[in-house]
Structures are given as C-alpha cells and as structure tokens.
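As written, the chain order gives the labels A, B, C and D, with residue 1 at the start of each chain.
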Amino acid sequence: MSRLAMELPGLQLKNPIMPASGCFGFGKEFGGLYDLSQLGAIMIKATTEETRYGNPTPRVAETASGMLNAIGLQNPGLEKVMAEELPWLERYDVPIIANVAGSETADYVAVAKAISTAPNVHALELNISCPNVKCGGIQFGTDPDTARELTAAVKEVSSVPVYVKLSPNVTSIVDMAKAVEAGGADGITMINTLIGMRLDAKTGRPIIANRTGGLSGPAVKPVAIRMVAEVSQATNLPIIGMGGVTNAQDVVDFLSVGASAVAVGTANFVDPFVCPNIINSLEEKLDELGVDHISELIGRSHRL
Amino acid sequence: MSRLAMELPGLQLKNPIMPASGCFGFGKEFGGLYDLSQLGAIMIKATTEETRYGNPTPRVAETASGMLNAIGLQNPGLEKVMAEELPWLERYDVPIIANVAGSETADYVAVAKAISTAPNVHALELNISCPNVKCGGIQFGTDPDTARELTAAVKEVSSVPVYVKLSPNVTSIVDMAKAVEAGGADGITMINTLIGMRLDAKTGRPIIANRTGGLSGPAVKPVAIRMVAEVSQATNLPIIGMGGVTNAQDVVDFLSVGASAVAVGTANFVDPFVCPNIINSLEEKLDELGVDHISELIGRSHRL
Amino acid sequence: MIIQDRMEIVEHKQIARAIFELTLRGKLTGEITSPGQFVHVRVSDSFDPLLRRPISIAKVDRDKQEITLLYRADGHGTGVLSKRITGDTVDVLGPLGNGFPIEATEAGETAYLIGGGIGVPPLYELSRQLTAKGVKCVHILGFESEDVVFYQEQFAALGDTHIATVDGTEGTKGFVTHVMDKLPTDFATFYTCGPMPMLKAVQQAYADKKGYVSFEERMGCGIGACFACVCETKDQSERSYVKICSDGPVFEAGVVSI
Amino acid sequence: MIIQDRMEIVEHKQIARAIFELTLRGKLTGEITSPGQFVHVRVSDSFDPLLRRPISIAKVDRDKQEITLLYRADGHGTGVLSKRITGDTVDVLGPLGNGFPIEATEAGETAYLIGGGIGVPPLYELSRQLTAKGVKCVHILGFESEDVVFYQEQFAALGDTHIATVDGTEGTKGFVTHVMDKLPTDFATFYTCGPMPMLKAVQQAYADKKGYVSFEERMGCGIGACFACVCETKDQSERSYVKICSDGPVFEAGVVSI
C-alpha cells in the first residue's frame, strides 16, 4: 500500500488531500490545469434541490491572511448536477464527496437521496453550517438536537456514508460533534467558515453585499486546529480537517491533532496547483518526520 | 470640545483610544516610552484577589496575522495592585479601567468592590471571557444566565460603572450582550480572544504549554467587526470595540459598526508607539472623511 | 492555456501619480490569445495580502517574451507590488479570461476605444493589434486629473487620442462622454473598459452600435471556480449569469445587465 | 533608552549555511549600554509575520553608528528578513534588556565565553569589550557541524578559541562540555549563551564559579509588559519570577531555575 493511502468510511483515498467544497466548483476549471485523478477525493460545490442564483456581488473581500465570502450557495440545482457535473467527473479516477445543502429537512433528504446514488459519489458532506444564506442550514449547524435529527433523517435515505460539516460559530463544537455522532454520522468534516465582516474604507459600508461573510484561509487555522483537537478526543468519528491549509506542514498539523484527511479551500485561489503540490511534497515530509505511513501521524499530538 | 473627546459611563475620554487589558501591563513599561496622559484611558492587566503566577511557558505563539497567548492571568494580586500599581499610575492624567478576573462570584465581587474605590479607577471591565485559565471565568462568559447574575452581583458592590468583556467563543454573542445588559452592565467591551492552537512543526506538540491559547491580532478583526455590528444593533449599551486594531482606519471601522471607543491589544507588541500614533492620525482621518466630531462615525455603517 | 509562471521583473517604474508600469518576462507571454485578457498576480509570497490581484495585460511583446502591466497602487496589495524590484520574480497566473475580439472590426473601418482610469491599460494592446490590422483607432481616455494621465503619447502614436479629465487639468473638462458628444458617430465598433458608470454611459450613448465592454468585479479564484465574480445577464428568462473572470471580462455590449 | 529606529541596511550577507550577518545603521546604536542586549526586529511591514524577532547585538560600532546582527534564517520571520537588501530600512526596537556585566571581570583575569549555535553572537561584542579592558578571553563555541560554524576567525583574533561540533566535522567532536573538560578551571568568570541543555551543563560544571547566563524565551512585547517570557527563579519562597526580556536576558548563574 502506498505511504499516503487512507481508508475512511466510503472512501478509498490515494492520499488524504482533497479540495474543499465551494473552492473547486465541480472540478472543470481545475481539470483544465492538472489531472484530477491525482487528488485523494473532490468535495464538490454545495448542491441544493433547486437552482440557486446566490447572493448579490461583491461576494468576496480580502482580510489579513484570510478572506470573507458570501457566495450564497449558487449552484445549478440537483438535476443539472446529476445530469451534467457528476457524469463529467466520471472521467477521473477520484471519489466524489457531494456537499448537500438545503433550507429544511425535506430538501436535504431529497438531495441526499438522489445524489448518493450517483456512481462516483462515495460519500455525502452534509452542509449544516453555511453562514451565508438566510435559510441555508445555519440553524441546523448551531443547535445539537436539530443537527442530530437532520443527520438521522439523511442517514436513512443515503446510499453512501454521511459526513457532517460542522460550523465553528458555536460555543461548544464538541456538543455538535456528539450530536451528529448520535444521529448516525459516519464522519465529520470541519471547519466551515467563521462569520465575519469587513467595511469598505471609502464608503463605510460592508464590502460584501450580504454584509457578513464566512472567514477562511490561514487566519482561521489556529481555531480549526483547536476544534479538530477537541472533537477528535471527544468522538470516535473520523474527521476530515480543514481551515487555512496551504502546505504539507499544515496537513501534518491537522493529522497530528486527529484528522484522518485534510481539505484545502481558499488556498486553491492563491495557487490553483496547491493540491497536487501538497500531494507531491507529502512523502518527503514523511521522511523528514521519520514516519513510514501517513496514518501514523493521526492524533500524535495527543500522545506526545 | 475637542474633535476626539468622547463621553462614556464613568469615562471622560480625551480620545477614544486605549490599550487593551493584558497588552500594556500596568503601564510602567510604556510609560518609559511616551507620556501616558495622551491616552484616552488605560485598561490595566487582569487583577485577581490573590497573586497569580500564571501558566508555564511558552505562553505565546505566532500565527498568520495573529498570535496566541496563554499568560494565565499572571498578576501581583489585588493588594499589590491597589498599593503599588494604581498609585504609580496617578501621575498621569488618564482614567483607568480595571480588568477584574476571578474563579467564582465571590472573588469577582471582592476585587470589584475594592478596586473600584481607587481614585483613578473610573470603570471596571469584568473579564468573564479569559480562555486561558482552568477556573478563570470562561464559564461566566458562555452562559447568559451566569453572566447576568455575575454582572448584577458586581454592579451591586462597584463604586464605578461596570463594563463586561464578552467572549467571541459563543454561538450567540447577542444573547450574552443582552444578558449582561439585563444584569445591569453599563457597557460592553468586546471581543476577547478566540480559542486556538498551534503545533510546533518540529515536535508535533502544541507550542503553547497550556496547549490552547487566545487568538488576537489582525486575523480576528473581521470576527470582531461582525460581532460589534450585531451587538450594537441589539442592545443600548455603549461598546468599547477591539480585535486586531492597528491603525486609524481600524478605529474608524469599529466606530462605524457601533463601537464608541476602541482598545488596542496585540498591536502594542508590534509597535509600542501604536496608541499615540493612532491618536495623532485621527484628526487627519476625520478630515478625510469630512466629519467634524469623531462621535459622528458611531454606527454609520448601519445607517448607510 | 492558463499557466502559473514565476515571471522576472524586467522593468518597473512609476509613470504618473500612483501609476506604475511593470514589465515582466516569462513563458506565460506565449499563451496570450487576445487583447483584454488579464493576469492574476500574487504580489508577495506572504499571507498578507493573501489573494491575487487581477491586472490587464497592457502590452505583449512575443519576441522578447515580455508583457507590460499598468496599474494603480492605491490599495494594500498593489502597494506591496509597487515595491518589488527589477530582477525579482513574481508569481503570475494567466492569461485569464476572454479579451476583445479584433475580428469584430474590419481593416479600413474605424473603432472607438473608450477607457477610464485603470480601465485604459487593456485598450493599449487592443489598439496596437487593431491598427496593425489596418483599423483606424480613435482613443477617448478619461482620467481624474492631469497628474494621473498615462500613456497619452503611446496612444497618440497609434491614432487620434482625446483626453478628458474630471477637473479639466488636461484635455476636455469632464467625462469621456463629453468628448464623445463632439465626435462623429460614423465608426464601426466601440471597445470600452473603465468604471461602471462610464460603461453604462458609453453603452447608452452608442446603444445602436456594435460594441464590446470589459467589466471588473472582485475575484477569488480568477478561473471560474468560486462564483465570486458573477454578473446577471440582461436575458432574465431564468436568472442566468456570467462569470467575469472566465466568461469575460469582455462581453458584447448589452449582454451583461448594468 | 529604548527607541524605535528605522535602521538602514548597510550590509547583508550569508556567512555560513543559513547564517546571515546583517549590519544596520541608525541612532539606536547610541543607546546601547552593554554587550548581550538585544533588539526586536520587525522583519517586514506586513502582518505576516506579525511579531518582532529578538536578535542579539553581536557587534557595536559607535563611530559608524552601526550594529551587527548574526542570525540563523530557518523560520518564517528570519527567512523573510534574510531577503531584505542593502539600502532598505528595517524597523528595529531597542536596545532591550540587560546584557553581560563586563565589570564582573578585572583586567588581567581570565573569562570563559561559552556559546552554542545562535547563542554565540552576543559573546562577540562581549569579548571585544572584555579584551579591550584587558581581560583574557577564552572562547568555547559549539555548533552542529562545520557548515554552520561562523565567526571563528573573529573570535580567534581576540583570544583562544575552541570549536566543538556535534558531528566532529570541525574542532572537537561533541559538545562544548567536551572542550571544557580539557581546559583548566583557573579562570575568574564565565559568560554563556546558547540552548537550554548547554546552559544547564555549563552551570553545573562551573557551579562554584561566578558566571552569567543569557536566556531565550518566546516573546510578545520584548519590553516587559506582556508576561510572555517569564521564568521562575530558583528562590521559590513565593514563586517569584523574572522576565527574560526586561529583567534579563542575562542573569547571574543560579538565579533562574533551569
């Protein structure tokens, strides 16, 4: 077995690196830049039942070592994703994790049921944490009971394992993690973005038309690392960690605090080749650390 | 009246700029660098009833556009602060805001009662949000009921107005703000640090001996701005805003989302002259913005 | 093809107040297909600033493998960029987007190239290619004031060049539309790039003409993946949209709703 | 007095693997009072990296108003610093802390100066001042390997200089203690700076000698205000502590608990 291969519920990963949802579209643009079969997996853009246009622009604003976004779940809708985007991705030898979003349980269930039957969708990522839409699931992301129930409802209809994506905008992320574990989640992905705002110096108004947006990038990495460390010690679920990953050292850090794989979001905008670059530098990193297989890193900071 | 003067409960500020608690000690070191009477106010280091040694070192770690700290409320204790630190500060014409910390209600009450009688202490800042001590008030900072009760207990004994310092590590900062308002708070200071962690690349262990620390600096400014915007629209209390302030534009931003004054923390380490530098550049900033008095900026982003 | 190139700074100088001319050398040059395409520049290797900056390609020299960027350093990222020195290398992603169609104007016809402020740069390469093909180019360029006017000689060398400044310190006082009002309308095509109000006014004034408009929007990825830069199209049948970065930045006049 | 000075880079060059020699000019030089003081350097004007870096003053030239820093560029901040070029200015805060007491050794007496790795730099200015005063300096300097040894000629010009390298590629194989074992103990004072295990070993070996030890700790402010850099003192009566940045970095041997 390769030194980088990793097995997670539903996922046989060549390596534990995958682009994060919303930062990679449905892969087409990056497919023009490199062979997507190199990736461990792909987390595709949030899919809702109906077509969504999303928020007015500006939708992004830069901040110190980070950025805000309020795209607003723009996506072509379940039908088109099933008919066009997923089939296109079949040309690559890479498992797809479908990010499922909605406004109420019924939406989530409908999308989960359908999309989980696509041949290349090997897992779902339940997006209960998108801060950028009025009715976009944030209520599911902050109340443990609601989260547990939604997880259970989706689990019931899904043909593939279900990962739940947690929001960092909560008092206790451990409570949320335990709730979705109780609801039957197969894994956790974390963290989604922190809610933030930036004003335009010239006008005094928020830059982002939606006023607030989700903060991502290197700025949030310390918060993400802390939360993954907490959750990995409080639940038995495998974690796909994310938040500010830009290089192989960041991957080592997320694994060290207990993640089993790592997603890369914002860094794809800074360097579109970041995912293959990280993958190519991982073995050297393992040599440096004197580690045979990457899975040995998982949780090592708790043992030290 | 000067274009920068601002009046808040208990505080006649020459200007709305003050160093944040824990980032300025008790003023002595900075007093060797410039005349502290230039400052709007000084928020002194957290004071507890007894002497505290604090956490083991390392106590700080740098992060992208920010830093983590886990000092652990090291301070000489109430008696010495009253006998030595506060009297020393009397040589300056500057109101002191005393940051009060403790482990349980009785401690807080004892410190608040005593320290509020010091002649130069014009307000208290109730630190219910320090993330770096096991019994350091974080429970008071995340539960609205506990926060309300503590606020009421401290209000009862304090001879000066009481500001409560809110933690950003909560699902709803508005709920916390409303709770302390209901408890009788005279104002709010926000935000304290976000809990984070950084690993040492060489050892794989957390750099900070306390494992987690509080994230501050420019990285957190978008979160702070968003939270001040929310709280200022949900309560009637004046807000002293902070989180990543490094220059006059940051001050304008915090006032624009509803703060009445601004505290500067981490930036004092990057540039020890940052407070007087900001103060000296504020009038020019007002000219640029075509504003007569700085108070006109308060909440302008809500009106735009 | 879009490539990531560590381009060498061949020359970097200030040419007007806060306006810089940056010449870069690298193989990315060979990938450029039309005037009006842009590059996404990482101004430093640090996380502050984090995101790339979109800058139009103002001139292409295929023989030397060089491109020229003209940009205004007034923000954080462009400020950092302006301090980079000759010999240094810069991480550039590009070429991005679809530029102006030179084939839309025939040799012998007249084209109006209307630019405002930092919308002027892409029109320079456009004019070079149009004039080389035998199109008569008329340049109408608007600026705030005389001290931020740039490249007027370069444009003048290619064709009639009219300058408007808001404060009247150079050329016509006012906007490009004040110049347009006095010019004949017997041209074939217009090409425009600049601030939104200008684009609107130009599109309105020449509503019956064939025209091409280059847009700006805040960007994340620059390659069409993040949906940061979408604009609604005029065709509102099913709320359709375009991405400025990958569908644009240049669109036929009337397509994007402004 | 501590001042903030925008110092000019007079010279900047690599002198060993990842080791740089940086000469800065500015009025801060006039404020330095003792060898072993340090400066707090802001390596760039961006927020990444955010904090200053503490670096010892390795040499002071009052006439030229110049100081020399010797540093290892292996982390993020020192990496950025290493790319700054001559003519640029750097934001430096200092001088900070209390250095080595040269008055602790009389003219004619012998002092052992024991340094390890990036603890070596402050010993150079110390040796210059001690030898100028007539003290006989013996230098015992430990490094990882031959390719990171620096300033051995400069030290040799001031007095006996013994090098130890962990891998034996230069001088004695092993640690400074291996050199110390073979040297007479008839010296008056020792001064030491280096990694904690080395400081411990030196303090133990010379427990009966008068000595001064320079410590390192991660810093926030560098001026004594943030309590990031505290160390417990040996005197545990009431858990007393010192701040490395403002009470130190140099303490009499035995004061700080290690």
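FYI, a residue touches a chain if its C-beta (ideal position, glycine included) is under 8 Å from a C-beta of that chain, and two chains touch if they have at least 3 such contacts.
Quick caveat, the model's predicted, so the values are computed rather than measured.
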A-D compared against B-D, more contacting pairs: B-D
Geometric centre distance via CA averages, chain D-chain A, whole Å: 46
Geometric centre distance via CA averages, chain C-chain A, whole Å: 36
Chain centre separation (chain C, chain D; CA means) in Å: 53
Residue numbers of chain D (touch at least two other chains): 47-49
Contacts with two or more other chains, residues of chain A listed in rising order: 63-66, 217-219
Touch-based graph of the chains, sorted into line, ring, star, complete or other: complete
Contacting residues of chain C [partner chain B, same complex]: 47-48
Chain B to chain A touching residues, read off their complex: 63-66, 68, 142, 169-171, 194-199, 201, 203-206, 211-212, 215, 217-223, 225-226, 229, 244, 249, 252-253, 256-257, 289, 300-301, 304
Residues of chain A touching chain C in the complex: 22-25, 28-30, 32-33, 45, 51, 53-54, 57-67, 69, 71, 74, 207, 217-219, 246, 266, 268-273
Contacting residues of chain D [partner chain B, same complex]: 1-2, 4, 42, 47-52, 76-77, 91, 93, 217-232, 238-239, 241, 246
Chain C - residues contacting chain D, complex: 44, 46-49, 80
